[in-house]
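Chains: A, B and C, in written order; residue numbering restarts at 1 for each.
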Amino acid sequence: MSRIDVRKTYKLYIGGQFPRSESGRSYVVNDAKGRLLANAAQASRKDARDAVVAARAAFGGWSTKTAYNRAQVVYRIAEVLEGRREQFEAELRAAEGISTAKARTYVDAAIDRLVWYAGWADKITQVVGNANPVAGPYFNLSTPEPSGVIAVVAPRGALLGLVSVVAPLIITGNTVVVIASEENPLTAITLGEVMATSDLPGGVVNVLTGSAAEIAPWLASHMDVNGIDLTGIEDATLATELEAAGADNLKRVRRPAPDTDWLAEPGLDRMTRFLETKTVWHPIGV
Amino acid sequence: MTPTPSSTASTGSTHALFDDVVRSDSSLRRFLHGLPGVDQVGCEARAAGLGTRSIKTTAKAFAIDLAIRMVDLTTLEGQDTHGKVRALASKAMRPDPADPSCPATAAVCVYPDMVATAKQTLGTSGVNVAAVATAFPSGRAAMDIKLADTRDAVEAGADEIDMVIDRGAFLSGRYLDVFEEIAQVKEACGDAHLKVIFETGELQTYDNVRRASWLAMMAGGHFIKTSTGKVQPAATLPVTLIMLEAVRDFREQTGQMVGVKPAGGIKTTKDAIKYLVMVNEIAGPDWLDPDWFRFGASTLLNDLLMQRTKMTTGRYSGPDYFTLD
Amino acid sequence: MSNIFEYAPAPESRAIVDIKPSYGLFIDGEFVDGTGKAFKTVNPATEEVLAEVAEASDADVDAAVKAARRAYTRVWSRMSGSERAKYLYRIARIIQERGRELAVLESIDNGKPIKESRDVDIPVVAAHFFYYAGWADKLKYSGFGETPLGVAGQVIPWNFPLLMLAWKIAPALACGNTVVLKPAETTPLTALLFAEICQQADLPPGVVNIVTGAGDTGRAIVSHPDVDKVAFTGSTDVGKAIARAVAGTNKKVTLELGGKAANIVFDDAPLDQAVEGIVNGIFFNQGHVCCAGSRLLVQESVADEVMERLKRRMATLRVGDPLDKNTDVGAINSAEQLAKIRELSDIGEAEGAERWSAPCDLPANGYWFAPTVFTGVSQAHRIAREEIFGPVLSVLTFRTPSEAIEKANNTPFGLSAGVWTDKGSRILSMANRLRAGVVWANTFNKFDPTSPFGGYKESGYGREGGRHGLEGYLKGEDS
């Protein structure tokens, strides 16, 4: 008789913990062939609220770590992911019904993307900051700072898509509440496990699974969220509603990006969209 | 910044308030370095801002006459002679011979050996004789020589003594030496008023100017003065701004007024009026009086006279119409 | 204080400006009659009606956008950057040549002292055009690509009428966009004079279009489907409405909105300069400044001394005729704004803060408000939270650097902040922790074309000025 395997319960990832949805709800996640993969937690508005609280609490510490330190943490995520690559490849094959080769390509790309962004931590300031030659006896320097707590709707693409939207935000010091792809949420939670064991402080990334249409409006209207990335929103009407709701506290908005080629090298835009430029003046005198 | 009032009377400071401050070099240093710092750029911007005031018509006429009354008409040259000093003294009494309504200057300022000559010419005109003393302009001489220099000028009839501080001592942080030197010269002055020259061009920073101002005021100087006129830069608007703030704050604390004298480089009526605006708005109108503000200058007077004539005649005048003494 | 040195009036001559009885709209290089109503613009210092100005209707705005689109497609987007640059340099030079005229007109229409329009606004306007002119043929080095967006719809406020116009138009044109700009309804005159300057510069018709009007005209610009870019400076409420209006479109938006800046004074500050900075921070331009230092946070150990010095300094502020060269504080821009300042000040008193105003005689006609300071203010007071946009300072105290940061950041705004201390490491620490787009350390209210300006949080997004200011007018390299 074969051994009965121990199945994983997929929960949410909030504040470094893996709680169930406070609503007690879950939904069925099937594989590409329509067979049950697992039940995923179906996050509620209260879970979203808790995630924002966790992200805000983490922001002070994360944003003031040295860039070198953030780089090492994100690099560490890549290392741990590399070590668990077989698991991710298997999950991708199961969830998305893709070939082994394709799954390997996505995992490779996700790991490489993390490494790419890790290197940006201590360079983005040099590339987008400026010393400004004002017409007077003043030192004047512009540097980028993270906007704060960013809500993200992740695109399909359970691993690479998710990594590609989250990494550019946290590398610059933002903290994140991300709604995983509704169809493929399980890998997002497994990635949460990777992050939880990669020296990433709790609350820097918070993963919600469930319905974006249900949760995203609460995040879009949340007054303690500084920006919203609508990358994964495929319904144009919903995207417009979310952007409009974000206006209540003037969230920085990234509009949907339906045709993104996630395998291509990204530019700076995913980082700079959620950066603020701070300009400091000081007189020069004796 | 408020010093601890002292209950024990002791020698030194003219104010018991500062007795503890001047008890030792270290307490004095603590006090002077505890004064609020000066931001150079902000200070210069403020001075420049006041310099944009536009003074016209009645206000200008008032300012020109006031400025004339504030001039310490100065000759401090190796080539000075008794004849030159007599001519200068005559001009101080009657700056514009053609216009008896033109006021006299506050004083003539000469080297000690010329005091008697100046005094003789000025008589009871009310124009004072000021003498530079204490090994002017460098101040590099032994203390007894500086004191002898001072007494010599006072005995010759000087009403005011313009001393120089020991910038070397100041810049090396020997504040108490500077303090004591000022106090001793003041004693040697007797009834003569003491102006203390900092040579701000050598002190370099506004922080130093502020510290020197407090040092001189605590030591009993009647006036604080920017420069000898022998070092560039001499008087500037921002340096004078710092000194005006110092006398203002000193009065707040002690109730006592101290005068301010920018000297050197003030050549035009426009410049002089900028200084008066600054006096008015920084120290306040109480200082708009020759007893509390002076200009150490020579060529300034003729420009004031030309502008004065322009105000009364409505046409521009020329240097040929004013005496060159 | 006695008046032995009473400055005689020193009025700048008004003869230099020629205000017409009525103005049309500047569309496609020509002044045309609007199809809507007209409104009056008044001199806030005297309440004298200066001119009648056309209120652009939706049809007028559409005509302006069409003209801008034509100019964009046929001329401006095809012109080389170096040629665009020369037009902008020309404009900068004409602004310098006609500087006094612009300054006087600005003071008459806005109420700001001639000292400020002459020494700050107009020189910075010219400098802004000069700066961005130089970018026009160097965009490939900007980091934002060199592809313009198209037609920019721009709506500006009344506090720095021509300066805000320059902040909008100079980078837009340098990047190859054409513009439809609406000046504020209470201060349209210098924008209309600028239209004349565009004519003098032979700027191709339609590259700059000036449409006057109020909120409806602004809404028509923002929501026009053929506008690719919206740039707005003004209130946070209108900024939010714009953000809602453009949702779901491809319009790129920059918003420069309100503020409630903390100006933090530590006990080791250069106090005399700090007092100047406080005064400049809140009384510059009658406090009609989005980045005004309207909340003074002073360390308790020096609070009394700072307040004493501040009040003494405030008593020397000369309030009155904006055209008098010795005026420090001019007229409040409008009756409406004056009412708002009065209302919030009354609330401040009602909430228990202690009110002190500088002793000064205010003119009988016009809109005036004496420089005012409230002490005993707490974070809970409305005057500590809401933007008053007038010469009203709220004073709060703090004990430690952390408390100062906490109070400074405890606001939905994040435009600017000030720090005063002689300790270098503390300056840098405070500058790092303040959540604001501009931090002035040991200075305040300084502006320069090379220096990016803009806010965090509800103070808006995007930057104006400097290399960063190009981003809002270019497509970008990777988005």
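Note that a contact is a pair of C-beta atoms (placed from the backbone, for glycine too) under 8 Å apart; a residue touches a chain by one contact, two chains touch by 3 or more.
Predicted model, so just to flag it, every value in this text is computed and none were measured.
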Looking at chain pairs A-B and A-C, which one is connected by more C-beta pairs in contact? A-C
Can you tell me which chain lies farthest from chain C, using the average of the Cα atoms as each chain's centre? B
Could you tell me the distance, in whole angstrom, between the mean C-alpha positions of chain B and chain C? 44
In whole angstrom, what separates the CA-based centres of chain A and chain B? 69
Quick check: how many Å separate the C-alpha centres of chain A and chain C? 37
Using the touch rule from the top of the page, what residues of chain C touch 2 or more other chains? 442-443
Chain B: which residues touch two or more other chains? 39, 41-42
Numbers and ranges of chain A residues touching at least 2 other chains: 136, 138, 283
Residues of chain A that touch chain B when the two form their complex: 136-138, 283-286
In the complex formed with chain C, which residues of chain A make contact? 64, 127-128, 130, 132-136, 138, 140, 142, 147, 226, 236-237, 239-241, 243-244, 246-250, 252-253, 255, 266-269, 273, 276-283
Complex interface listing, chain B residues touching chain A: 39-42, 44, 204-205
In the complex of these two chains, what residues of chain C are touching chain A? 127, 143, 236, 239-241, 243-244, 247-248, 250, 255, 257, 412, 414, 427, 431-432, 436-443, 446, 448, 450-454, 456-458, 460-461, 463, 466-468, 476-479
In their complex, what parts of chain C are in touch with chain B? 1-10, 115, 119, 268-273, 276-277, 305, 316, 325-326, 422, 442-443
